[in-house]
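Contents: one structure, followed by commentary.
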Amino acid sequence: MPKTIKKIGVLTSGGDAPGMNAAIRSVVRTCAYHKIECVGVYRGYEGLMEGDFKSMNARSVKDIINKGGTILKSARSKEFRTVEGRKQAYNHIKNANIDALVLIGGDGTFTGGMIFNQEFDFPVIGIPGTIDNDIYGTSHTLGFDTALNTVVEAIDKIRDTASSHNRLFFIEVMGRDAGHIALNVGVGAGAEEILIPEEDMGLDRLVESLRRSRESGKTSSIVIVAEGDKIGKSVFELKDYVDENMEGYDVRVSVLGHMQRGGAPSCFDRVLASRMGVKAVESLLAGKTNYMVGLINGEIELTPLDSAIKGKSKINLELLRVSEIMST
Amino acid sequence: MPKTIKKIGVLTSGGDAPGMNAAIRSVVRTCAYHKIECVGVYRGYEGLMEGDFKSMNARSVKDIINKGGTILKSARSKEFRTVEGRKQAYNHIKNANIDALVLIGGDGTFTGGMIFNQEFDFPVIGIPGTIDNDIYGTSHTLGFDTALNTVVEAIDKIRDTASSHNRLFFIEVMGRDAGHIALNVGVGAGAEEILIPEEDMGLDRLVESLRRSRESGKTSSIVIVAEGDKIGKSVFELKDYVDENMEGYDVRVSVLGHMQRGGAPSCFDRVLASRMGVKAVESLLAGKTNYMVGLINGEIELTPLDSAIKGKSKINLELLRVSEIMST
Amino acid sequence: MPKTIKKIGVLTSGGDAPGMNAAIRSVVRTCAYHKIECVGVYRGYEGLMEGDFKSMNARSVKDIINKGGTILKSARSKEFRTVEGRKQAYNHIKNANIDALVLIGGDGTFTGGMIFNQEFDFPVIGIPGTIDNDIYGTSHTLGFDTALNTVVEAIDKIRDTASSHNRLFFIEVMGRDAGHIALNVGVGAGAEEILIPEEDMGLDRLVESLRRSRESGKTSSIVIVAEGDKIGKSVFELKDYVDENMEGYDVRVSVLGHMQRGGAPSCFDRVLASRMGVKAVESLLAGKTNYMVGLINGEIELTPLDSAIKGKSKINLELLRVSEIMST
Amino acid sequence: MPKTIKKIGVLTSGGDAPGMNAAIRSVVRTCAYHKIECVGVYRGYEGLMEGDFKSMNARSVKDIINKGGTILKSARSKEFRTVEGRKQAYNHIKNANIDALVLIGGDGTFTGGMIFNQEFDFPVIGIPGTIDNDIYGTSHTLGFDTALNTVVEAIDKIRDTASSHNRLFFIEVMGRDAGHIALNVGVGAGAEEILIPEEDMGLDRLVESLRRSRESGKTSSIVIVAEGDKIGKSVFELKDYVDENMEGYDVRVSVLGHMQRGGAPSCFDRVLASRMGVKAVESLLAGKTNYMVGLINGEIELTPLDSAIKGKSKINLELLRVSEIMST
């Protein structure tokens, strides 16, 4: 029979994402609601291995629902990948009488958590927090919706200057392995083309598409390029290619960078984080372990961590077609 | 056998909502993509009855994806509710060789469209556009997501002043018949209480809840009130009630009003509008009529207009529970 | 000879304004820079009379430069207007070894400070913080620039819906005694008319102006009304007047309310607050007292508190003319 | 005696800036107000040489006050630097019966205008529009205030992720020859250091400053680098330098790029643009020529184009000191 859970720890790990603070707040307050103690772990698995803990009550998470980043800080830990590191973490957890952990992060975070669960039979539940939306078992990860709005607003601004000068812009957005951001902001910002890791459009088709776009009367164009686009060219290389192979284009480049990760979360991300935090804590209290909470058809559901890690989050290829039609 | 569709009209009707322009753009460009003519109808059914039409091509909808409101303007029409009005509209449509209509709006818009379809056997497809999200057959109406962000940002600002002065604010948000906005922004902005049309919390419970909230150490509070809240008191009456019946509160009131309807659409609403426009036009081209397009479990699906009108869009009552837990 | 200043207290009083936190941060860090102690006083003069103090160092004001409201909280105090109240405050100050005070607020705050200075020969310097910009001795008060942007963004949203429905909107903005906000947002948002406390335009001229505006081809109109407009009618009464006396208008009303006070300060307000805080502390250290710091022709200058209180901040009437020309 | 002015042309040239559209609107409406004809010239001097003109009335500039970029488009023209190019432009102007020009742009724009004025004795007035604020004769150029807010909001977002991961960020902002943007956003975003073209801080002092900042307990840092900083290292080179010479820093780089140029103008820029447009047109009507309008001590004043071009806009070095104190 599982031990009754009286104290829950919560940490954020991996790249930070808007909504992480809202999720921390939800975990802490759901614990308070159920009269359970709650402990914040600083700097992800790093803090777990160092016992960098802080007792938290409902008032500790005041005024953070609308703050980007994570008040618990985040880190990527190499040491936690070793048996010694995890053993050390376990000792700190035991000393602090923590009975279960809520892990907010992405694939790497969940892999660490799953191994830890297996080694020490320690209850863990994951909350998917990453702007990349590349996690199986949830239609939306925390921070994805906010990042889309941040990026679309930045591109709207670039569009002003692109239109004023009749320019072609290659804009790099985040997404090393997944095209979710690129696809959605491409449609949302009215980009002429979208280059993503999942599909190889080929340079020739890109060139052809730009030519057609110009013939249709467009004087400026925006091409969205995911970091890990399949063509395998950076925005700078794409600019060079067009400069050398196409006449009459005034090409510019913009790499949006880290601003995509920050900012106040959207209402959607705040609500999602609040719901996920409640489900994570109440699942632990109900004896569940080794699951990830996720949004599936509008409901918060559990997916085994195992499947969440191994599964492949699919991009919505319909959006490529919509983008093509919209570029008419 | 249905007539081949060569020209499609598009109109916006009822209250305007962010994303309507993105939907118009999508309808126009999808027509262009399929080499179909497209005609914009001004001021909803009013313009339909007056033949206030404008031919539109792909370039006509340039730079509108990120604009609030509707370039086709909107109106509420009494005359279209009469047989004569609709007959007049039909004549203009025939003269202009319009073969089908895409109707962007809410319940009233769809009711008019369905009757028109029945009377003249004229193909129509609806796109749900309203910030209220009160339409059956879609998890999200156009403008709802944007309105949530607009409202949450406004409440974040009010929270600054509420916290600085240890005040209690009653904030009225839109929603005469539906609590979708109130529920989501209540959770998203961390409100202490949420009053909606669907549930009668009762004044006593509200008072009790405010007392508990204060005892837990909170110095400021925000209560979200939907226009049509079940308690049946306006924010001004609620303020008076607290002033008279509770000690030590410095109560203020804010009615957010029409700013909730405007603004650049969120990325979500732009993508949704783009997808819905494609589906609406392609459904008409495939011989479908009398349907509404909607988002169901992440996919764009068709629902008979009939069901969309009669069905009841349900609020997510789980959010009331989440809100209660978060107010710990 | 004045006593050497070793410890400075800082408080915020009156209505909160964006930039107050940035000013607190600047006062605290300037103290740290000059190796002076700094004490935060909570809830303005209320906290001064209760000895509600907190020692602050450079790290205490981390991450607040971009937060609306005031972390020291604010209040309006009746008791401080009595000799007993001020005596009580003085005792707390002496016990805490505070040698001087920086007072962030408006006219009322400065009046209290000046009397306190006279009664106890206690060094004080004021920093003008109010969104209303109604203080003599500074071209800009803290929060004014931010409020202008907040209001203009809200009106841009309302404009979307006004244009879509061909409506006339009366929009009430803050400004009980001063038209600074109304004048600037009126020009900035392209309003057709601006009603302010300083000028009586008269109902007839308003009606005439609306008629002319319509004849010039405009289909929607926005009229900005300061809370204390000279015509003496609320936006609701103005609506009733137009409804009764003018044909063919669809009139709506919006009262923007408290959201105008909050939000992250603009860059201008952050820079201004930082400069003012430095000047306030360094002026005290240089033996100055009973002054207000202010922005005059781009430089931070001192004005005797006396003059700041008695002087009348003038509105820029050129803007009324610009507005009239822009409404062509 | 100067010819009576009956028709005025307006163009935007050089890099686009928020507020240019508001200035165009103001020029057009001031012409309408004074019953003067107005002609928009497309793509700056390029369009002038090609006769790419469009007649504009008060309704032509509807709904553009809040749009970034320039509806008249902008370009940089080499040909206008030749006598032939200018002769060609003059012929088009004569054919179109244009009597005077309003030139919205920066130094290059004004130099072209001054030569044109000298060669053909043709009346011109300049309006300073550039985000860089590097023009003598005005405390603020159009777009500067908006750019500050855009940049500060982006840095606020980066700060979220910097704090969450205890990182050091080098952020490049616009300003090849002038540090106005860097200085103001550095203070406004609470940067630890600011590198500008006007002052050589030296690498050693930067390193020293970062060390001190860390010792004071700061866990994350942001350094603002103007494009043309005096140290002469790009943000990428600075990152490499720290990686090689300092221990324990997790350094990241962000180049904000073209998004700094776009977006809806701030209220300040809209009001400034409106005032400048009125002054430009009315100065021409009063027989003035070869001047630039500018904001001097809060008033719109004229400066000879000559002085505006030769003069050096000074940065406010007080801000460097404020920044140093704030970094305590």
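Per-chain numbering from 1; labels A, B, C and D assigned in written order.
What we mean here is this: a contact is a pair of C-beta atoms (placed from the backbone, for glycine too) under 8 Å apart; a residue touches a chain by one contact, two chains touch by 3 or more.
Everything numeric here is computed off the predicted structure, so don't read it as measured data.
Between subunit B and subunit D, the least number of touching-chain steps is 2. With centres computed as the average of Cα coordinates, no chain lies farther from subunit C than A.
One inter-chain figure worth recording: subunit A and subunit C are separated by 39 Å, centre to centre, where each centre is the mean of the chain's CA atoms.
We define each chain's centre as the mean of its Cα atoms; on that basis subunit A and subunit D are separated by 36 Å. If you average the CA atoms of subunit C and of subunit D, the two centres end up 28 Å from each other. Residue positions 156, 159, 163 of subunit C each touch two or more of the other chains. Annotation, chain-chain contacts: A-B, A-D, B-C, C-D (touch as defined at the top). Only residues 12, 15-16, 18, 20, 67-70, 73-75, 150, 154-161, 163-166, 169, 252-263 of subunit D touch subunit A when the two sit together in their complex. Listing the residues of subunit C that touch subunit D in their complex gives 25-26, 29-30, 32-33, 58-59, 63, 65-66, 139, 145, 148-149, 151-153, 156, 159, 163, 184-185, 187-190, 216-217, 264, 266-268, 270-271, 274-275, 278, 297-298, 316, 318-319, 321-322, 325-326, 328.
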